[in-house]
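In the part that follows, the structures are each spelled out as structure tokens.
Paired with subunit B in one complex and with subunit C in the other, subunit A is shared by the two complexes that follow.
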Partner chain A sequence: MISVKPKIGIIACSGEKLVEGTLTRVATRIVVEKLRPFTTTIICQPLFMAGDINHKGGGSEREFAKKHKTITIEGCDEECGKVAVERYSAPATATIYVKEIMKQHPEFIPNSPQDIGDDGMKLAEIIAQEVAKKVDELYKSQ
Partner chain B sequence: MSKKICLLPCNGLDKALGVITREVSLKVIEKDSSIDLICPVLYNTNEKKYDEILKDAQIIVIDGCSTRCAAKLADMKGQKISKRIFIPDMTKKFQLRPGKKLVLDIDGEKLVEKIAEEIFTEFITELTTVTEKKEERKFVGVEYFEITVDKYHFRVPKEGYYFNENDCWAKIEGKTALVGITDYFQNKAGDVIFVDLPTIETKIEQFDEVADFESVKALLQLISPVSGNIIDVNNELENSPEFLNCDAYEQGWVAEIELADLEEDKELLMDGPTYFEYMKRKIVEEN
Partner chain C sequence: MSEEKVYIIPCSGIGKAFGGMCREAAYIVVNELAPEKAAIECLPLIVKGKKEVIDALKANKIITIDGCTAKCAYTDVRVAVREPDAVFMSTDIVKKHRDLKPEKDILILGENAKVLSRKLAENIAEKVEDLYIE
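Let's look at the complex of A and B:
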């Protein structure tokens, strides 16, 4: 009998105006599309927020986050992903703080949230690797 | 002074067009830093952060998919939306199909540029103009002829307004005129539930259709008493079409027209006293 483990939900803070917001978005997509496509799924935070609306809402996102493991990727101290998941579903299983990773790689910090450039992409890859490690840990523990 | 303009994008991440909303917003504020960007996730989590910015602001929401998360968020927070941009409509309009990759492709970049440009040339210009004009626009001391027939009350302004036989009016203000529908028209139409406003900069001839209305009874048109160029519209009617019923001659104005030839137009119009008599005859004939 094949046992199918549920995917890990990834929630990016997606913050506006901040390079950290862009980095969380890019890193999330790198994880879900390239690094761990079979063990992760994106939870779109805006859709998640609009979740209790019956028609075309993100109710399924909220249900998923209630029942399954989630990782939030936070760009600033507001911790919007973490707050939203806890408010609408259940506490996030893990949280990655982008600012901490940025401190370790100051040479790659981009200037513009609109265009993070090649260095920003390198930083997003590094963040994505950190997230992927956490994904593996949580996925194996199921 | 104009009201503050804020952008509220959906900021979606799981669909390509959601990503476009964020890129468009960043592009717009890069060009004009007086425009504020509302981060939807932060607004949801900690709305107090935006209390001051959103006070009396005009909000443009930008949604990437039919879930319309940004519009829902604004509704949930009790905010009035001044303009709505729906990216799938824009892809059709500009015939551009962005891909789903991490980095925007050529179509994606073009689409961002086009939408940002449209926000400036259409939406922001319109919102700024409307705000400035509304602050100037006052209806002081309008005096009315009045008549009550059965349970219906009809008013006709005594001076300053001209009327056509289609029961629409033009209030002359120098080189421009506000246009709208008369009390008689709105009484016959019943409760107006939707107004389709014209596009600014549309040229119209006398007796052309300016706007369409949907009431509980019928679909109706405002037939222009004057010719010229539409320079402003009453966006308040989109949210409050009932102004056409409860205050047809003042808050219920529909559009402002830069006059082409008022003297010629007047040849086919009635002044207040004449229209009042004309309206009374119509009411008597109907009873």
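Let's look at the complex of A and C:
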């Protein structure tokens, strides 16, 4: 008998003002679309606050993060993803810091929040690979 | 707050193209159509409650752009700051231009989604002008 394990929730900081925020969004899409489509799901950070207020299904974001393992991807030191998950649900299981990965790859310089460019896409792929590694670790540990 | 701006707060949605259209429209407004009058701010920072950001928003006009019925940008701004001065939905521009069906691509917006985002941005820029003069 095959047992289906719970998916891992991925929460991108999504900061619209910073290029790092765009990198978190693109990396998240790469993880859930291409790298780990069967073991991950996206959770929107802003829906943690808005969810229970005026959207019939929104509260499920909070419930999901209470009962499932989550990974936040942070674009800056504010750690908006981590803070929101902990405030409205439970502490994130793991956190990936985009700036740390960028420091390891100074050869790639993303363009802008609106268009991260080819270098930005390469960085997003690298970030996504790091997230996928963490997903595998958490998924297997369940 | 030393500089008066109209703050544009797009939704952070990454599950459908409509969220991407919100952000694309916001970037067109702040980078091309009204760079002197409009500024973008991170919605997640508002959710977090960053004091400097909340204070800046309270002292200025605010426009939210949402991509789905959850209306995260509108709701979070209303809860954390106050009622926005204007609200837009990317889905409304889609309804007005049935001939331009947005593609499902999320990572990189399709051509129709980009055209729709620009039309949305033009509407938002007009509102920025109105709010800035008030």
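One rule holds for everything that comes next: the second predicted complex is superposed on the first by the 139 of 142 C-alpha atoms of A that agree within 3 Å, B and C clash if a C-alpha of one lies under 4 Å from a C-alpha of the other, contacts with A are read in each partner's own complex, and residues count from 1 in each chain.
Just so it is clear, a residue touches a chain if its C-beta (ideal position, glycine included) is under 8 Å from a C-beta of that chain, and two chains touch if they have at least 3 such contacts.
Everything numeric here is computed off the predicted structure, so don't read it as measured data.
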Clash-or-fit label for the pair subunit B, subunit C on subunit A: clash
Which superposed partner A:F108 touches (first subunit B, second subunit C, both, neither): neither
Contacts of A:Y97 with subunit B and subunit C, given as first, second, both or neither: neither
Set intersection of subunit A contacts, subunit C complex versus subunit B complex: 12-17, 21, 25-26, 28-30, 33, 42, 44-47, 49-50, 53, 58, 78, 80-81, 83-84, 113-114
Residue numbers on subunit A that touch subunit C, as the complex places them: 12-18, 21, 25-26, 28-30, 33, 42, 44-51, 53-55, 58, 78, 80-81, 83-84, 113-114
Residue ranges of subunit B touching subunit A (in the complex, touch as defined): 9-15, 18-19, 22-23, 25-27, 29-30, 37-42, 44-46, 66-70, 72-73, 102
Touch list for subunit C against partner subunit A, complex: 9-15, 23-24, 26-27, 31, 40-45, 47-48, 50, 69-73, 75-76, 79-80, 106-107
Partner subunit B, residues of subunit A touching it in the complex: 12-17, 21, 25-26, 28-30, 33, 42-47, 49-50, 53, 56-58, 78-81, 83-84, 87, 113-114
